[in-house]
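Please find the structures below.
You will see two complexes here that share subunit A, one where it goes with subunit B and one where it goes with subunit C.
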Partner chain A sequence: MKYWQGIFFMVCLCLGHSLHAQTITICPSCETKSIKEGVEIAVDYDTLLIKAGTYKEFNIHIDKPLTLIGQNLPIIDGEDKGEIITVTADGVILDGLKIINVGTSYTKDHAAIRMIKNKNFEIRNVVLEKLFFGIYLEKASHGKIINNKIKGDAVDEFGSGNGIHLWYAKNIEIIGNEIRNVRDGIYFEFADNCTVKNNHSHNNVRYGLHFMFSNHDVYENNVFENNGAGVAVMFSKFIDMRHNIFRENWGTASYGLLLKEINDAEIIGNTFEENTIGISIEGTNRIAYNKNNFIGNGWALRVRGAIYGNTFTNNNFLYNSFDLSYNSNLNDNVFDKNYWSEYTGYDLDKDGIGDVPYRPVKLFSYIVNRTPETIILLRSLFMDIIDFSEKVSPVFTPDNLLDANPLMKKAGSKEPQLAVKSK
Partner chain B sequence: MFKILKYSFYDLIRSRWSYVYFLFYLALGFVLLFLNNDVSKAVITLMNIIIVLVPLIGTIFGVMYFYNSKEFTELLLAQPVKRSSIFLGQYLGVAGSLTLSLVLGLGIPFVLYGLFRSDAIFDFSLLLVTGAFLTMIFTALSFNIALSNENKIKGFGYAVLLWLFLAVIYDGLFLMSLIVFEEYPLDTFSLVATMFNPIDLSRTLILLKLDISALLGYTGAVFKQFFGTNQGFLVSMLMLVLWTVLPIWRLIHKSKQKDF
Partner chain C sequence: MKYTSILLISLLILGGCKIDSDPINYGSDACHYCSMTIVDKQHATEYVTDTGKAFKFDAIECMMNDLKDTNDTKIALFLVNDFENPGQLINGTKATYLISKNITSPMGGNLSAFENRAAADSVQSELQGELFTWEELKKRLTNQ
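Presenting the complex of A and B:
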């Protein structure tokens, strides 16, 4: 009985709200001409319907739970005067707005949309252009950022902001956004339990995605293309990286993925294609690399030291100039059952696993590590000769750094022999 | 000169070795493309072979031809023909037939496998151009060696040593000096050192078109800045021309003075 009463009460409450909630239409020729006015006269749970047009406004402060819906992409032009929308209330929904000309400042982080200490918000189908910071979450939680398009005009790192910026945010979902030409596409600082999915972050000045001190986050099925560097994950724990594509992050010190001081992460099913460095690794513990593809990179993996207890299994290393560069004589990591396109061994018992172990570190990569200028001798006969002699009897490279069970066929490809046997 | 060029060219074209050389490249091209089925990847593999094999064959063939046709040369010298045209004609005959074997031998399979429809055409033509240059350079060098040494064994020895030096030992010394002086800025030094070895120069030139991603890292940017631009490309081509012209000039100069 009590249960039914509860439901009845809830339904009443909902009906009550929907009865109360009004729709306020805003357009240049309406009664309410500006969004600020609209926000002022609205009461909790109202909907502001913003019709197409240009609204020259900034410092719009939303302090009650409202839904702002833009019809045919109305433009809010901040005229470079400062922050445009600041939200401090819970349950605010922003949909279908176009916000341009956020003021650049060297003392304040002006954003197109800023969420402060609120919950359950949703930002969707918003277009941001000519911005400093795009969407800035400050101690916000349980929000969704879906299908937005952010296009900045950043040229240098110090005079530009980030596309989506999370600072002390929790449980945020960032899905299906396109972010380009800003400093960091997506930036996480102290952001925990967040999901980043199906985004396309490209042509950014610094990173496509940047993690700092953020734990228990997942990012999957994103594409990071042509950024200053693809993704930087620093000082974070329990990050789950799956099925992302890191492509064409080229430059003097560029890489697809940078891992620095990372513990207990999983990197599964990602593709690293034509980056200067596929993954640059420094100070990481207990990371599982599984089923990734490294195709045509300068360095597939570049280890800068202090990595312990990492496992590399079932990855494909295809046509990289160097599969692995390693700078110490100590190895505590496991390479097992990967496919290496440069493997020259044989498989007499036809079990799909090479009979001779593969050593991914070449002497040349060791030398290049030490004296970078020697890269000019890449693919010379002399280098091939000393690489060969090092392969036969390792002197400089760690002798236990090897893949004892290199695959003969690409990992993940169908295994016809087994299929036939099982029939 | 052209008559002599024609004679030695036809002589070589008729000889077994040109065919063997031509067939070797033909087979190589077909096998590579058959195994790879990707024109741009085959270009990379081919580069490794061209860099090593073309100079070697140019050297050996040049020395061999010079010593073998010595009697014919002496006969020609008795005739009222200019010395420079005799030697230049012979040289161009050898270099020309070798280059032709190389270009046709590799060109035919690649064209058949759809080179013109692939975007690797520029890389491939660069490969052939450097291959041709390497042939000319090393044939000229070997002619010089043969001309300066009456003793066949000595001449062969020097020719092989020359190849070994430029293909392997030079890089070894280069590497050593880079490591010894690693505290100093070495970008300019390595650029210059590359320029002084035609094999290194060709390799770097081709590599920067192919393996760019690795070279872009770190100091690679400096090399890219140099070789990647039109200016750098022109300078390297000029260096290759210089490498061809200088030995030829010495060949003519020497042949005029030599007492047969």
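Presenting the complex of A and C:
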């Protein structure tokens, strides 16, 4: 009985505590005029309701679990003086704020919002402009970053920071954000078990999304457009890449996706459209490329060596200048059952699979690889002739590099292959 | 007349062979070692071979990794960015290097270069870390 009383008392205490959480209203004409003041007088689990207006503040340090809600997008103007909001407490929610003018520095990475060693936070509906770093997670975990708009002003300026920057972070969800004109839209360094979904990262100076030393992450349904290069995945393991669109990443050193020293990844259902290079591949092991579309790229795939156990199946290669450039042995990599728009074979037994194998490496691509200047001969009759002669009897290109079962119809097209067979 | 013009032409040709640094196009050049686009004006580096070909890197650690399997007697110039004057390429063999976990560099080496030893000292006292000369750094990172 005594126990029950004790527990009842405890429950009452807890309820009472949460019921006492107050809302503090902040506005230029209120009793509490600044956010700093609000944070100071607030106790744990209070809500700060920030009304529309401009608040010229920086170095706002939130060290207790608070919810900050902006009404009609109040502006916090840092006046280029340094970092604006720093959070060190667990369970902080930031919602509906506009933060501008983050200070730039060479030795300190000032951010609009920085999370340090905390968890269970949420940053949503925040607008960041004129920034150095946008949202910076430093050893933070279990957080959500949802529906934010981040717009830098890095056009030709390279002293810029990243939009969303994760450094030693875990279990973070990044969903539905728009990020533009920063250095890297989203940057992961030592970030594990994170999800990146439905984001639009475009016009960034370097990458739309960048992984370094990060494992077990998923990114899906994102659009990476018009960045210096689309996405770079480097020195990472177990990354899932699904249903993303990589578009218009043009430039001499540009690509839709860069894979460098990565193991055990899956690249499924993505679209690579109008990039100088669709995927640049170097030092990758056990990667499955499945059901991707490569449309109108300079090179769909550029393999730069040291790859093992990569399988390319059911992909569509449509109207690329080169489908594949390859500079080493085939090793144990497999090309099987892909659709190649350049394929000129026939299908006499009507099983939907071409009767002669397709060789994706053209002699010309081999020559361009060795002497880049020869690209000027692209689409010349001379090149067509030597490509044809190479196709008939391969001398320079690896003769085992072929797709033995090229599809006659696009993979995933409406008419399934079985239907073709039954005709 | 003929001789002088020949002399002039050969001088011009020889003059054109001078080994010099090649400016880094930030935002479009890619690192020779790691393929990343070079954007960081504080950490980008390059070396120029004795035939005048420039190889560019996004970070000092990338250049060091590349030097592991490159014959560096064929390299005429080592250039690094001065941390204090970003975009200013300086002689790498005379620079002072700082490895500090409080200054991140593009490829995880936490490595920066300074033209001026005193500047390196003051940054070190503020942000901690360890200072190296070119030779010490090479020994540590390339095991040569």
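The definition used in the following text is that the second predicted complex is superposed on the first by the 394 of 423 C-alpha atoms of A that agree within 3 Å, B and C clash if a C-alpha of one lies under 4 Å from a C-alpha of the other, contacts with A are read in each partner's own complex, and residues count from 1 in each chain.
By our rule, a residue touches a chain if its C-beta (ideal position, glycine included) is under 8 Å from a C-beta of that chain, and two chains touch if they have at least 3 such contacts.
Please read all numbers here as calculations on a predicted model, not as lab measurements.
Residue contacts after overlaying the shared chain place A:352 against neither subunit B nor subunit C. Judged by the touch definition given at the top, the superposed model places A:82 against neither subunit B nor subunit C. In the superposed model, A:251 makes contact with both subunit B and subunit C.
In the superposed model, A:232 lies in contact with subunit C only, and not with subunit B. In the superposition on chain A, no contact is made by A:176 with either subunit B or subunit C. Applying the stated contact rule after C-alpha superposition, one finds that A:367 touches subunit B and leaves subunit C untouched. Contacts of A:206 after superposition: subunit C is touched, whereas subunit B is not reached. Subunit A uses residues 251-254 to touch subunit B in one structure and subunit C in the other. Every residue of subunit A that touches subunit B in the complex is listed here, in rising order: 250-254, 274-277, 296-299, 319, 321-322, 367, 370-383, 385. Here subunit C touches subunit A in the complex through residues 26-30, 34-37, 39-42, 83, 86, 103-104, 107-108, 123, 126-127, going by the rule given at the top.
Note for the complex: subunit B touches subunit A at residues 41, 47-48, 51-52, 167-169, 171-172, 174-175, 178-179, 182, 186-187, 189-190, 194, 199-200, 203-204, 207, 211-221, 223. On the side of subunit A, the complex with subunit C involves touching residues 106-107, 109, 156, 158-159, 167, 183, 189, 205-207, 212-213, 228-229, 232, 234, 251-254, 258, 260, 280, 282, 304.
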